[in-house]
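The same subunit A turns up in both complexes below, where it pairs with subunit B and then with subunit C.
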Partner chain A sequence: MHRLYMELIRMRFLTMLAYRVNYYSGIIIYAINIGAYYFLWGAIYGDQQQLGGLSVEQMTSYVAIAWMSRAFYFNNIDMEIAQDVREGKVAIEMIRPYNYLSVKTAQAFGEGIFRFLFFAGPGIFLISLIIPFHFPATATDWGLYLLSLLFAFLINTQINLLTGLFTFFLFRNDGMMRAKRVVVDLMSGLVLPISFFPGWAQTVMGFLPFQAVNYYPSLIFTGAITHGRAWELIGFQAIWMVVILVPILVLWRMARNRLVVQGG
Partner chain B sequence: MQNVKHIFGIFADYLGQYFKTRLAYRADFLGELVSNLVSELINLVFIIVVFTHVPLMKDWTRDEIIFIYGFFLVPYALFSMFFGFWDFNERYIIRGEMDRILTRPIHNLAQVCLESIAPDRIFGIITGLIIMGYAAFQLDLSFHWYDPLIFIVLVVSGALIYGGVYTAIAAVSFFSDSRTGIAPMIYNIQQYGRYPVDVYNKAIRIVLTYILPFAFVGVYPAAYFLRKEVWYTYAAFTPLVAVVFFGLGLFVWNWGVRKYRGAGS
Partner chain C sequence: MIQVKHLQKEFRIHQARSGLGGAFRDLFSREYKTVKAVDDLSFTVEEGEMFALIGENGAGKSTTIKMLTGILTPSDGEIVINGYVPFKQREEYVRSIGVVFGQRSQLWWDLSPLESFRLLKSVYKVDEAEGEKWLTRLIEELEISSFVSQPVRKLSLGQRMRCEVAASLIHKPRLLFLDEPTVGLDVLVKQKIREFLRNLNETENMTILLTTHDVSDIEALCKRVLVMDKGKLIFDGLLSDLKEKWGNGTEVSFQMKKRTSADELRRALGDMPCKITQENEYTLSVQVQQSQEMLPFVLSTVMSSFEVSDVKMLETSTEDIVRNIYQADTEVRDHA
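Entry: the complex of A and B
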């Protein structure tokens, strides 16, 4: 069983490698986004030294690292699940001797590793040549960041599984998945560090899992917090991971009982 | 001309059919409307939150930026309604659906547009108008009697600019038979058009004006209504840019169709 999932991860990794055009266009997308926010923030700061507790330099490296983290945790498995359901392929998937959701997670992981190695790695190196950038100083700092990033991947993947599973009940939920994408980008701190939001909004977001997807690992990377606090954030991530697992399992159970295959 | 009229007639028929099928899944239809609204409002959140920290963004006030965003939503909604083939590469090239399209009696691009038409995106126009209305009220803008006409011309031009660029990029699939991943690229580039171009550096400004002219969808035309006279010339050029870029998109598409050999099984 363990070998099966390893193989799935490897297969997805190789698939990503095979579609090279996709890879180049991905690099362009990330360059576009980081560039857009880099200039936007430059214009927003203007002459001001500090906003929301961050200097303009800290902000630019925050933007860069947030996007690089996203390269690892981002995936489209909700769209893939939706397509499988719409086309009826999911019926075949369900009679196969593996867990469909774990398979999707493994595939997403293969994709994540690919992007992390070939996209985020070179990307962050190039960016560090152009804009002032602080890497974590010690091996412990790196370890904490990577651990937190792994949890970020798991939580984001769970959120995707959840939205993907809604296809079983709604038949078409493209709008929901699109909205989820922007909600996650906003509330995870990708486009705007959480510290920028007004106090009440920060309180509300404290009760939601989205910060765990990007803000926590990015904060750990910038070294703006102590090790103790970093462990605390990782603890929060672990709790969220367990919490989100519950609705996934419930929905998955319900989905299997009421599956209507439309295509095939 | 007869041909174009025929195509418009078919579009009307498809729209009618589409609403019937959409209303069959009523809950989802409603869900989709709400979701679209959320996506549109979230960008507004970014603007509002940022402006709680700063008074100006390169001489632009909060309400001006909100107005530009509201304006941008209108041509963008029109575009995403008629050019909904985000998955063109996957759906038509990799699966070989394009072969079927080529046997259809109307122009192949029109047929592809028809099959992926998304009329529910029309509500984006309403959201855009409300956002613009709010900003216009805050800014105390005044309008001439002919401004609505100019608005329509600029909006249609903006949608055609997107349509042209998107068609050209989708047509790349005809030349490469593998996945291209260009749809997300466009999805990401379009956001540059939402903010005043003068916040970006010169290279990006040139790209947004002459190469991927998305500034003509948001800032330039919106600047006319904001009475920013520095940008009037650009605003006036919007329809011309639309004609050129949509023509270019159509040209690349037709060229691609001639080159197309079929990759599906």
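Entry: the complex of A and C
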């Protein structure tokens, strides 16, 4: 089984390489986004030293790393599942001796590694040349960040699986998937660190899994929190991962029983 | 090997109301209609058999195949294949089968078939050395070696289809399902695939089930035929029996040396139950129902009474038979 997933990850990696234009435009889009946020935050800070507990440097690092983290955890497997269902490709997936959802996760992971190495890697290097940027000092900090990033990937992938699975029941849920994308970007702290939200919103978001997707790993990266707090956040991530697994398994079982293969 | 008992599949189809008002009402309450796609289907298949499932569009063939391959869950009834219940033990079961969907690709679009084969080998956990030997044989027999390293999107349909067949066999399954495998292919490719399948059936004793619209597929490959209509099985038996039951008998066309009229021929044959048609002044054709007993008599009588320069025998093609079945069925429906 292990060999299969390694192979799937490798395949997705190769597929990503097959589309060069996509790759180059991806880098440009990320660079523009980071640049825009960098200048935006510069203007917002003005002369102030600190906002919401973060200094200007920490904020810049936060923005850059938030986008770099996104390069790793972001994927479109919900859209892929939707497409598989709409075009009847699930039929092909069902004649293979593997679990469809695990396979999708492995593919997403292949994509994540590709983006991490080829988008985020060179991207972060370029950006560190232009804007003041501070990397975690110790190996422990790096380790904590990467562990937290891995959980971020898993949680985001689970959210995508969940939205993707709804296609089995609704057949068209493009609207839902688009809404999900905006919600995840906003509530995960990509656009705005969670500490900048009003108090009541922070309370509400405390009950939602989204900040585990971006805010936690980015916070760990900036070094604005202690190791103890970092472990706590990773713990939260682990709990969320288990919690979201439940509805996925229930929906999957239901979907199997009422699967309709579209188009002959 | 395959046991199917009283298999049923019902679909609930949403009936859209008409008009704007209807669409608005649909938002709150929907009407559904239950459609029986497969209705009380039973049959058994032995190991090493090669058989075809035919029927009009919408007869339930594809739904049946999808239930047999574990993709769809039946509404009712039993299926046991290779000792597994497909929809319950799907992951274990699909290891023992291969499936080709003529209208869907199982290869990765952006990668070469060779990469796909490689991935499928790890999907099915195929033994490295043995798998390689088997794959080499597949590539050789399907004659795909010249394009097997090109991306799938650059292959022609015929090339791709042969790769699809190879992909479905990577793990040497005992049972192979082919759902309309020859749709849109040219005669040469069709022939190549058929030859390959026949060979596979003979050398590996692989059980092969195919659904098709192409009657020549059945003639080339299968002895046994199952005919479905409106979700029901209306015929299960040998192709030769099917021909006898639904065929038009045999037509013999005589080319005479002298001008001969239909009346003269009729006189010579006496009151034999047969149909005589005059094709031109020298050519007459005789149509007989039960070929085995009547044919020798017709031949010997005509040969002895007239000077014959050429004889042609025209057996009803399976294509005509299929047409007959479909038409007969429409008539029954019209009368009912």
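Heads up, the rule we're going with is that the second predicted complex is superposed on the first by the 263 of 264 C-alpha atoms of A that agree within 3 Å, B and C clash if a C-alpha of one lies under 4 Å from a C-alpha of the other, contacts with A are read in each partner's own complex, and residues count from 1 in each chain.
Here, contacts are C-beta pairs under 8 Å (C-beta built on N, C-alpha and C of every residue); 3 or more make two chains touch, one makes a residue touch a chain.
Predicted model only: the values in this text are computed from it and were never measured.
Asker: For A:Ile248, select first, second, both or neither according to whether it touches subunit B, subunit C, the two together, or no partner.
Answerer: It touches nothing on subunit B or subunit C.
Asker: Touch test for A:Gly175: subunit B only (first), subunit C only (second), both, or neither?
Answerer: In the superposed model, A:Gly175 contacts subunit B only, not subunit C.
Asker: For A:Ile32 in the superposed arrangement: first (subunit B), second (subunit C), both or neither?
Answerer: So A:Ile32 only meets subunit B here.
Asker: If we overlay the two complexes on their shared chain A, which of subunit B and subunit C does A:Ile225 touch? Say first, second, both or neither.
Answerer: After superposition on chain A, A:Ile225 lies in contact with neither partner.
Asker: Check whether subunit B or subunit C contacts more residues of subunit A in the superposed model.
Answerer: Larger number of subunit A residues touched: B.
Asker: May I ask you to decide whether A:Leu186 touches subunit B, subunit C, both, or neither, giving the answer as first, second, both or neither?
Answerer: Touch status of A:Leu186: first partner only.
Asker: Please identify the positions on subunit A that touch both subunit B and subunit C, taking each partner from its own complex.
Answerer: Overlap of subunit B and subunit C footprints on subunit A: residues 18-19.
Asker: Flag every residue of subunit A that touches subunit C in the complex, lowest number first.
Answerer: Subunit A residues touching subunit C: 3-4, 6-8, 11, 14-15, 18-19, 88-92, 94-99, 256-257, 259-261, 263-264.
Asker: If you look only at subunit B, which of its residues touch subunit A in the complex?
Answerer: Against subunit A, subunit B makes touches at 25, 27-28, 31-36, 38-39, 42-43, 45-46, 49-50, 52-54, 56-58, 176, 178-182, 184-185, 188-189, 191-192, 195, 199-201, 204.
Asker: Can you list the residues on subunit C that touch subunit A in the complex?
Answerer: Those in contact with subunit A are residues 11, 62, 66, 69-73, 90-92, 94-95, 97, 99, 101, 103-106, 108, 110-111, 115, 118-119, 122-125, 151.
Asker: Across the complex, what residues on subunit A touch subunit B?
Answerer: 18-22, 25-26, 28-29, 32-33, 35-36, 39-40, 42-46, 48, 51-52, 170-176, 178-179, 182-183, 186, 191-192, 196-198, 201
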